[in-house]
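Each of the next two complexes has subunit A plus one more chain, namely subunit B in the first and subunit C in the second.
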Partner chain A sequence: MNFANLTRRFFNATHQLSRILTFNTIQRTNFVGVRSISTTPFIYNESNINEDVNKKLMEFFDDKKNWNENDVKHGRSWQLPELRIKSNTDLHKLWYILLKERNMLMTMEHEHSREWRWWASPERLDKVKDSMKNVETVVRERNRAYYELETGEDGEVPVVKQTNMLGLVEVRRKREHRIPLALNRKWRENNPGPTNERDMHRFLKLYREKNYMVHRRSKNRARNHVIRLLRRFPDLDRNILKQKYPSVNIDNLGRRDKFRGHYVFKVD
Partner chain B sequence: MSTRWYPLYQKGNPQLRVFLPNFWMKLLKPAHQTQPKNVVCFEVSMQMTKADIKNYLEKIYKLPVVDVRTRIRMGRFKREERSGYIIKEKDPKLAYVTLPKEVSFTFPDLFPEDNETKKNLKDDEKALDQAKEKYKEFLDRNSKRRDLPGWFSI
Partner chain C sequence: MRITLINQAKKYNILKNIGELSKTYGNFPDSYVKRASEQVYWKTPRAPQYQKRTVEKNNFRFTTNRPWTGQFKMQNMPNMRRKKVFIEPIQNWSFFRGDRVEVLVGKDKGKQGIINQIFQERNWVIVEGLNCHFRSVGKEKDYPGVIIRSEAPLLVTSQVKLVDPTDLLATDIEWRYTEDGERVRVSTRTGRILPIPKAHEETMDYKAKKLYLNREKDTPEDVVTEITFEPKLATFEMDIMEEMKIEENRVPKKTYWY
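== the complex of A and B ==
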């Protein structure tokens, strides 16, 4: 067996392995494969297991007293300054509370929409999502600060600029790969890069023209608007206008026909 | 985002841990009556695998999970009402989670036709009737005064 064949076989095997593996688990204890999932022993009370499990599953549903309400009273979402003074452990606990709350609200929303019923206070879901976003922002800030202190770099995902098939530059977040890029034939087939240069340049020309036209139209629109404003209100503050419409050259507007209006000046 | 940057899985320790999982799960009403009592149907986020679902329920909800089966249901095709073009709903991922055989879970009846619902409905209807009466009064105010429009009043 020659070397190329051997490497291909090896990378096929790793590729299959990577398909079996999953990266987003909460905690992986004992990896074997998909069929046999982690085998952590679960301790529960054998005698009233039914009652126990039912109670836990009811966490997916709202409080029973809220079921028939037209309006559920609730607070506001967690704001950034409040979260910044919390410890990491507190944030971690809060995240799981919010996660459970979101699951509950999503379950209720799904069931209500399926039954064509009124669901009380849907803004609760938005508030929970907002809180989760804020928690994540704070954790990210801390992570960034830690990495900058320890390594001198922010621990963010590195980003590469890449020219795609259309010749446009796109920004891609880097991630780890099992197979080196040079050996990954499938990836190269799917991401050919700029291939047909003639078509690419033609496309880019039209694309630039389109962008230019959009820009020019917006500029003209702003200029005409300023002319109309000045015709109607001649004593407008020019400095404010300049600030609001920076693309318009207000001092030269007087030369335009539109600025004058449809009348002849009275000459004595 | 840095907290959402997962390194590749390597066998052995230290294990990959996700501290802030952003997966969601919805508990669904069983579509068929044939679904066993100890099986619960969830709609889960598309990225979740069987191992993830099992871990999620065991670690966060402390549920004893025996087995997980997943499938991806095709989203429905609909015709857009005005323009008539066809739109497709997104494909939900469903997980059928088997719990120990002693468990029997029935999906709760969220909309019982009890007195309170009826009372609420009656209150709404009452308000609506009142509004209707008021409007009729408003319209009939000038009905006896001829040659004046209905909205006219002093």
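== the complex of A and C ==
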């Protein structure tokens, strides 16, 4: 693949930038610390900086011809099957191309919002992010295959399901520590399990009640919606309704007053 | 660190209310459609004392303006409430762009036309040149305005019917499978297949997939389809380190996961 050219340009730019920065710091230390060596202080000047670097820093911005466009035509994101046939090196290079593109798009978005301007085709950012997510997924798949073959584990950060202080079950990713849990008093203090059982049960009772009310309300809403649908469309296929609103007992709806209505409904 | 609670209240998702055909026509990634069309009033900050909750608009009026457009936003201003529209649920959507249909109602009753636009959120189709009305644009005291003819949408459930291509008469259809396992629309009257028109492929970016022009930053097709993957007993990181000739001999200290 011909990504090499692009990545080389990117690395050259960063290299140049680091050279400027180091040059600057050396000058400053000489100026402050070592008096015997006479050096001219570094003054920021257009001519001091290599023109090439300026050009390369402009890679943070979009092509100038796109600046006043209403619409920038572009393709779609990289899909998983397309990435699965690429070598690790290609994926690595593609990642940096995408990263650079994302930086460019985010810079442009920021700059446009700063100047209160319309930014063309903001979905480009979503597409690049989607591609990056897909690259990461493929890399993870490959790594998981290796670890499962070699160690029998998937090599991912382990996930634990545990009950927290409020008695709610939560899922969290484990973290890496230098000392074992038995010695880590601070961590234990910060992550207490269910301690005060009386308060916890009282909280859980209220929490369950709240969840139940939400659930009941949504069920009622669905039932009323189905009733009103059937009033408007009497010949509606009941099987579709059963599929779409599984919580509603459609066969028993005819008994309700709401279904009958207090007047003859005008069907339009 | 973000903790996900198992018993979380269901969040409203506008994507569920946007039709599949509208999404494919827009040719946008789902994340963009969601971000452009949703209206979040308040979101809990990312901090341990907050649970993940949002307050957002959950009743939208879908119209002939696509959900990701500014016009849609104008018609669904924050805290604006409009009368609920009841939409008949449909099992299988069978009207596509480019289909010939017969209009069953209105002043163009009995006429046939081609489907131009589809609004799945409202069970609507727009038939080219039929069911029109006139409206004036830019009307002022001393200026009569410009009169524009625009098509009104028609309901697919009761106001239009597909046309059988063999005898050009309106017909009911059924979805069936061919011997090859392909899912097709079949006219119940004549038993002929109604092929899905090519205009169905059309999106906002191109008329047909083949007609799409490669842009400056697009990867050429031969590069995309090239197979460079070679299976190897190594992780991604090991492979890249070998490629770049990076040697790592340090032995990591024992760590604990909890």
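Points worth noting:
Following the convention adopted for this analysis, the second predicted complex is superposed on the first by the 179 of 268 C-alpha atoms of A that agree within 3 Å, B and C clash if a C-alpha of one lies under 4 Å from a C-alpha of the other, contacts with A are read in each partner's own complex, and residues count from 1 in each chain.
The working rule: contacts are C-beta pairs under 8 Å (C-beta built on N, C-alpha and C of every residue); 3 or more make two chains touch, one makes a residue touch a chain.
Treat the numbers as computed from the prediction; the structure is a model and nothing was measured.
In the overlay built on the shared chain, the residue A:61 is in contact with subunit B alone; subunit C does not reach it.
Touch criterion met: A:135 reaches subunit B, while subunit C stays clear of it. With both structures placed on the common chain, the touch criterion links A:120 to neither subunit B nor subunit C. By the document's definition of touching, of the two partners only subunit B reaches A:110; subunit C does not.
In the superposition on chain A, A:227 makes contact with neither subunit B nor subunit C. In the overlay built on the shared chain, the residue A:92 is in contact with subunit B and with subunit C.
In the superposed model, A:169 lies in contact with subunit C only, and not with subunit B. Shared-chain residue A:248: touches no atom of subunit B or subunit C. By the touch criterion defined above, A:53 lies against subunit B but remains apart from subunit C after alignment on the C-alpha atoms of chain A.
Counting contacts by the rule stated earlier, residues 92, 139, 143, 147, 155, 175-178 of subunit A appear in both its interface with subunit B and its interface with subunit C. By the touch criterion given at the top, residues 21-29, 31, 34, 37-38, 40, 42, 44, 49-50, 53-54, 56-61, 67-68, 70, 92, 95-96, 99-100, 102-103, 106-108, 110-112, 114-115, 117, 132, 135-136, 139-140, 143-144, 147, 154-157, 175-178 of subunit A touch subunit B in their complex.
Taken in their complex, subunit A has these residues touching subunit C: 1-2, 63, 73-77, 82, 84-92, 101, 122-123, 126-127, 129-130, 139, 142-143, 146-147, 149-150, 155, 158, 161, 164, 168-181, 187, 207, 211, 214, 228-229, 232-233, 236-237, 239-241, 244. Residue ranges of subunit C in contact with subunit A, taken from their complex: 1, 3-7, 9, 27-29, 31-32, 35-36, 86, 88-91, 157, 205, 212-219, 223-230, 233-237, 239-240, 243, 253, 255-258. Those residues of subunit B whose C-beta lies close enough to touch subunit A in the complex are 1-3, 5-9, 11, 15-29, 40, 43, 47-52, 54-56, 58-65, 68, 99-100, 102-105, 108, 110-112, 114, 116-117, 120.
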